[in-house]
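Here it is, the structure, as structure tokens.
All chains are identified by letter, namely A, B, C and D, in their written order; residue positions are counted from 1 within each chain.
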Amino acid sequence: MSSNSSDQPKLKVGILGATGTVGQRFVVLLASHPYFVLHALCASSRSAGKSYSAATKWKLASPMPSSVADQVVDSCSVTKESRLLECDVVFSGLDASVAGSIEAACAAAGLAVFSNAKNFRMHPNVPLVVPTANAEHLAPLIAAQRAQGAQMWVQELLREAPDGHAADYIDPELFVDGGCIVTNSNCSTTGLVVVLRALQAVFGPATKVHVTTMQAVSGAGYPGLPVLDVFDNVVPLISGEEEKLETEPRKILGTVEGARVADAELLVAAACNRVPVLDGHTLAVSVSFRDSAKVEPEAAMEALRAYVPPPGEEVWARCPSFPHGVGAVRVADEADRPQPRLDRECGKGMTVSVGRVRKCNLFDLKFVALTHNTILGAAGSSILNAEIAVAQGLIKGSK
Amino acid sequence: MSSNSSDQPKLKVGILGATGTVGQRFVVLLASHPYFVLHALCASSRSAGKSYSAATKWKLASPMPSSVADQVVDSCSVTKESRLLECDVVFSGLDASVAGSIEAACAAAGLAVFSNAKNFRMHPNVPLVVPTANAEHLAPLIAAQRAQGAQMWVQELLREAPDGHAADYIDPELFVDGGCIVTNSNCSTTGLVVVLRALQAVFGPATKVHVTTMQAVSGAGYPGLPVLDVFDNVVPLISGEEEKLETEPRKILGTVEGARVADAELLVAAACNRVPVLDGHTLAVSVSFRDSAKVEPEAAMEALRAYVPPPGEEVWARCPSFPHGVGAVRVADEADRPQPRLDRECGKGMTVSVGRVRKCNLFDLKFVALTHNTILGAAGSSILNAEIAVAQGLIKGSK
Amino acid sequence: MSSNSSDQPKLKVGILGATGTVGQRFVVLLASHPYFVLHALCASSRSAGKSYSAATKWKLASPMPSSVADQVVDSCSVTKESRLLECDVVFSGLDASVAGSIEAACAAAGLAVFSNAKNFRMHPNVPLVVPTANAEHLAPLIAAQRAQGAQMWVQELLREAPDGHAADYIDPELFVDGGCIVTNSNCSTTGLVVVLRALQAVFGPATKVHVTTMQAVSGAGYPGLPVLDVFDNVVPLISGEEEKLETEPRKILGTVEGARVADAELLVAAACNRVPVLDGHTLAVSVSFRDSAKVEPEAAMEALRAYVPPPGEEVWARCPSFPHGVGAVRVADEADRPQPRLDRECGKGMTVSVGRVRKCNLFDLKFVALTHNTILGAAGSSILNAEIAVAQGLIKGSK
Amino acid sequence: MSSNSSDQPKLKVGILGATGTVGQRFVVLLASHPYFVLHALCASSRSAGKSYSAATKWKLASPMPSSVADQVVDSCSVTKESRLLECDVVFSGLDASVAGSIEAACAAAGLAVFSNAKNFRMHPNVPLVVPTANAEHLAPLIAAQRAQGAQMWVQELLREAPDGHAADYIDPELFVDGGCIVTNSNCSTTGLVVVLRALQAVFGPATKVHVTTMQAVSGAGYPGLPVLDVFDNVVPLISGEEEKLETEPRKILGTVEGARVADAELLVAAACNRVPVLDGHTLAVSVSFRDSAKVEPEAAMEALRAYVPPPGEEVWARCPSFPHGVGAVRVADEADRPQPRLDRECGKGMTVSVGRVRKCNLFDLKFVALTHNTILGAAGSSILNAEIAVAQGLIKGSK
């Protein structure tokens, strides 16, 4: 086995929704990737044909990579001519309103899609994977999808495509087996499940989690929130967010049984808030375990420090986006950390920062967790999921 | 009985710590008060002798009242000559590091002190009162203090004064019976207990409360927090705050038994955070009741809308700072409210805004509460407590 | 002469664009006005028929006045039945895209319109008045309009109405003489001209002004700017703003000659910037005068302190929105003021704050000026203009 | 000649004031430098002996480099034993209150000091160099200093050291010739002079500059500004800043004549403001030239795009901190740029972004310039100055 990624042949990748805020993050992360090569930048028909710099309202603090500025933007439709079809991996930063039909069309055309959209997260055969929490879900569920062939995704396409006009999205002649869709979780779920998985490794199953989020504005994309709504303000509602945060962890922390996931027996209560922070979701968490006996703050911090997520070092060594050196979880030494401005870049945004691990009057433990919402919480998870799949031989560069 | 405050003779009031941020709020609220007349503005010896405008770094958005700009600042010491001794009511916005000895000295000199400091909140004979939550604690505990005479406060003075140098704070010849100290709660506690009291009026005793706070920067005073600590940031630690929030509600929601309060049987778990908001503490709360049977969001909202805090309308009619018209609690109609920027001024900052009352997966209810931290959460509570005491004949203007 | 406004009979007023952000400010300022009575709240046909609270996304920190919450919103069209026609004064907070035709229709129907929109500011017979700078323009230019009768506004209506469909806005049977339009300046112009007028009173004509603005986000209305555009940011372009700021002061500081204004001989160079401030435009100004000889910072501060704008105390005494007590200009004593958070509410938002008056290496003087952009810079100016017109007998309550 | 820096032998470097905010920026920039090797981290005696991570309140968004966390902090005093003496280059991020004596002591001990402090900027023999504006000042003025030997700095030490206690800073036995001090400009000056130099290359000497700054809070260090002073606010005074901005450009744009600089004949008028931005100073500039004839916006943009600062490509090729690829100046294509959040990282913070180049009513041109205030505006300039000196053979690694 190779101990790093330098032997990995280059793979062509496409981005769906490349001009949006998640798409921009994909572009930044992939522009300097050791083996993924940006091949197709896809966006709405309004943008198609323009240069990427002309089509994009760039809103990231890090400048647009010069290598993509002049690349021509494609549409998201799957046709014989489209560069998408030449890709080995497709990343999706599409909005949920269009992601379903486009991603299904790609999968029906045999493409491996790694999606940040919510549409297929709860599909029984689709892995919902936070890479540093439950990467072991990837292989069996990708296999389960492939066992069903293109037909599975043709059916989803019919379901998702408005008025059943699936042919608007893909030419039936392009249907081919071998495609798959892998999803990652909602940005507010991401940090929570990484920490829970690390604690469960030592304490056994968590049964009750109370989480209050303080979420960054970048999570709402661009134009997103009007400044008058967040300036000097907290907005105590993020539509649909609490439902996701109360549901997704059950699947992510569940176990694969055959072709699907058996949910964890976990109750989550969530309260989601938008705060005037640019990047980085902060979570105030209380948690109880089935067996509370040995749950102590010191032991919890030790568990977090020792945590090596599955599938383990051998695979991580071949994943360039894994936060090598820092690790999947970093425990803050300072009493008033983690803080989004100071800790969100930890591990290049791929590490979950945890602090204030302490006893709780009503649960076993209280702690604070912080995740970079557009890196580990979005594009970064998709990319690391794809790297794991490559490292495990689930994706082959035949193109 | 008089139905309003217009019959009330004028009363002379003093402010301890008048130049600080809580003191500034006292000044704004009292400058236009119908019967409290600003008589003594007291601050450190560094400020004494200067004009109020020269001694004060004014940091409120509302301008300094012109009536106080030229008033001369006094020191906080209690001597035969001090204007403090001429006051009928003394408000304290002192920092805890000095509040103990100065407030005890005032009480030992027969003054009625309404304090925002934490020093005596947990003293068994001192009422800890959020005016729109537990005003019924006032009369019996003030009586309990007066029954003990000046001696009670002389003892506290000896305990609080450094090296027992009590005489540095008050001349023993000035000891006189009849003084008292009334405290109000920590700013983050305030909104919580008002809502709990309103709910308890219909649902009976609450037993478990989980609260995550998102607190405004004005709570830390001036200079308070460096901008580099709160800009684009959340600080998940406010030193000592969680302890107060887990302790104070038990006394406030307790019942007076004889000369002291029997704590409520209530467990509170708190997680306190500083967010980039100027004024207004937002609380995400989950709560369970001893008898959960009839607890439903609709019934809760009805209870909150119907809530008239003790001691009832007859007294409130004589309290100018009570939020007449709006009420002690306002239930937001909009799904994404309350929000600090839009709701903190509700009822001139004396109303608690509540919203998002909904079911919780782990408790009976979840909701969001918002309090103006320097009005109802600080100076406003002290003033309304004093107005209740006046309306109930507990304070007489003999001076 | 009456020395105050208490003798003034009530006058019915309407608001065009009542649900927008400038309209909301009109509502707050007029809800407690001593003699203007809110009669017609007009907005788009989408809002017409709804209650004001249902039609409005309220975004001001001060709560919506309870008196208007249930008032039914009217459309902006002028018909025999519309409440608009019953008004003595109409205030316009309309967007420029629709203000032209609607305001012209109102004026053609004989209404007195006080508008915050830019459409007619440069019309030779329309007064462009910042009330505390050039109120003497009001009477002669209103007279000039009235001398032309309804026909003047019918022509403007034909010009402004798309495809000349003027009849969509007003029934020709309603044309009646006596209407007029009065405009106030752009929000960034307002503070500048008040200070210049005060300085010119002592130093004579200003000839060169260099102004760099740091403007608040509320100036862009709601939804206005996406948070990602202003958070941790400065946007050095406000479309069309520099042109207004370089043009309007010439008319405002000009002199009425016959039926029109002769522009002042003044060159203005402007650089306009948006900064992360909620309310309050800050201006860094350098200015030179035709006669520089006696221009000194001390003399300038004296001139600013002594400034009583035309038409003088006798009229101001009858204008409830004039900042009595504080004055049209306040000179800050502190070296680091004015600051928007601390000074924008000065004079209830109707006073211009000035500070740092000092020598300039390239002009005669440098100083900093601050205006509340939605009060004196918008709705407040319209209202005070109308009060002056009432005090001068230019508006009569015949309805 | 070598075309890059890979041949350059490693050089040992020290940082004075390593725990402060400028010091932290030095640490980040130097931790991964190709040939400067962090050897001595020096701070106050309070920090000396602690590990760098224990001694430092880290406030940068990019994490502390792991390589320095355990390094032991030294004091700033120059003794036989101090690691400082082993350094080839010393960078100073000291506060002006202590920088004078410490830097002079280092120079008297033969060290090459590159300082961000203001103390010696105006010394006639000390180069005041913004590396991408006037690097040609370096060689002749360093030579001028060396010609005077250690004695020059011993005299400065006597002048700067309190009570003439120079021996508290350095042991006279350590005096040795060959030391020198190079300074870089105030952070608000930096961006201005780079642009002026680029324009002067085509248009000839600038004669009048009007500049209004909107400066980031990081410029004030930590703790720096209380949040209550900058939240929702502009502070129109930065003490001493306007003086620096009106003075330093004259030296920087001057010409070396013998051992000193003849100032440029340039009048600068500055108005400095603090705005709620974390990093990045935005400047609104108007400028006139001696010969205005050919000054046009298009020509100006062309000049800015074509600008290659002295001493030219051959030297820059050997300077790793020069913004290769992007260049010293970047002209924004978008009408509303540069903006600090989007453009400050341009060229890794070493490029000045310029936009809105347009005609001005009162000067020849108006434009907006943006500089990262703690990179090019502080630590980055010091480092690039040192790299130029190394590339030009002015510093030799004899240690």
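Side notes on the structure shown:
Note that a residue touches a chain if its C-beta (ideal position, glycine included) is under 8 Å from a C-beta of that chain, and two chains touch if they have at least 3 such contacts.
By chain, with names taken from UniProt: A, B, C, D = aspartate-semialdehyde dehydrogenase.
Since the model is a prediction, treat every value here as computed from it, not as a measurement.
With chains reduced to the mean position of their C-alpha atoms, the one farthest from chain D is B.
If you compare B-D with B-C, the chain pair joined by more contacting C-beta pairs is B-D.
Taking the mean of the C-alpha atoms as each chain's centre, chain C and chain D sit 46 Å apart.
Centre-to-centre separation between chain B and chain D, using Cα means, comes to 51 Å.
One inter-chain figure worth recording: chain B and chain C are separated by 41 Å, centre to centre, where each centre is the mean of the chain's CA atoms.
Residues of chain D in contact with two or more other chains: 59, 231-232, 276, 278, 341-342. Against chain A, the residues of chain B that register as touching in their complex are 208, 210, 212, 214, 231-237, 246, 267-269, 271, 273, 275-278, 282, 284, 286, 335-342, 355-356, 360-363, 366, 368.
Residue ranges of chain B in contact with chain D, taken from their complex: 59, 217-218, 222-232, 276, 278.
Of all the residues in chain B, the ones that touch chain C in their complex are 58-63, 66, 231-232, 325, 341-346.
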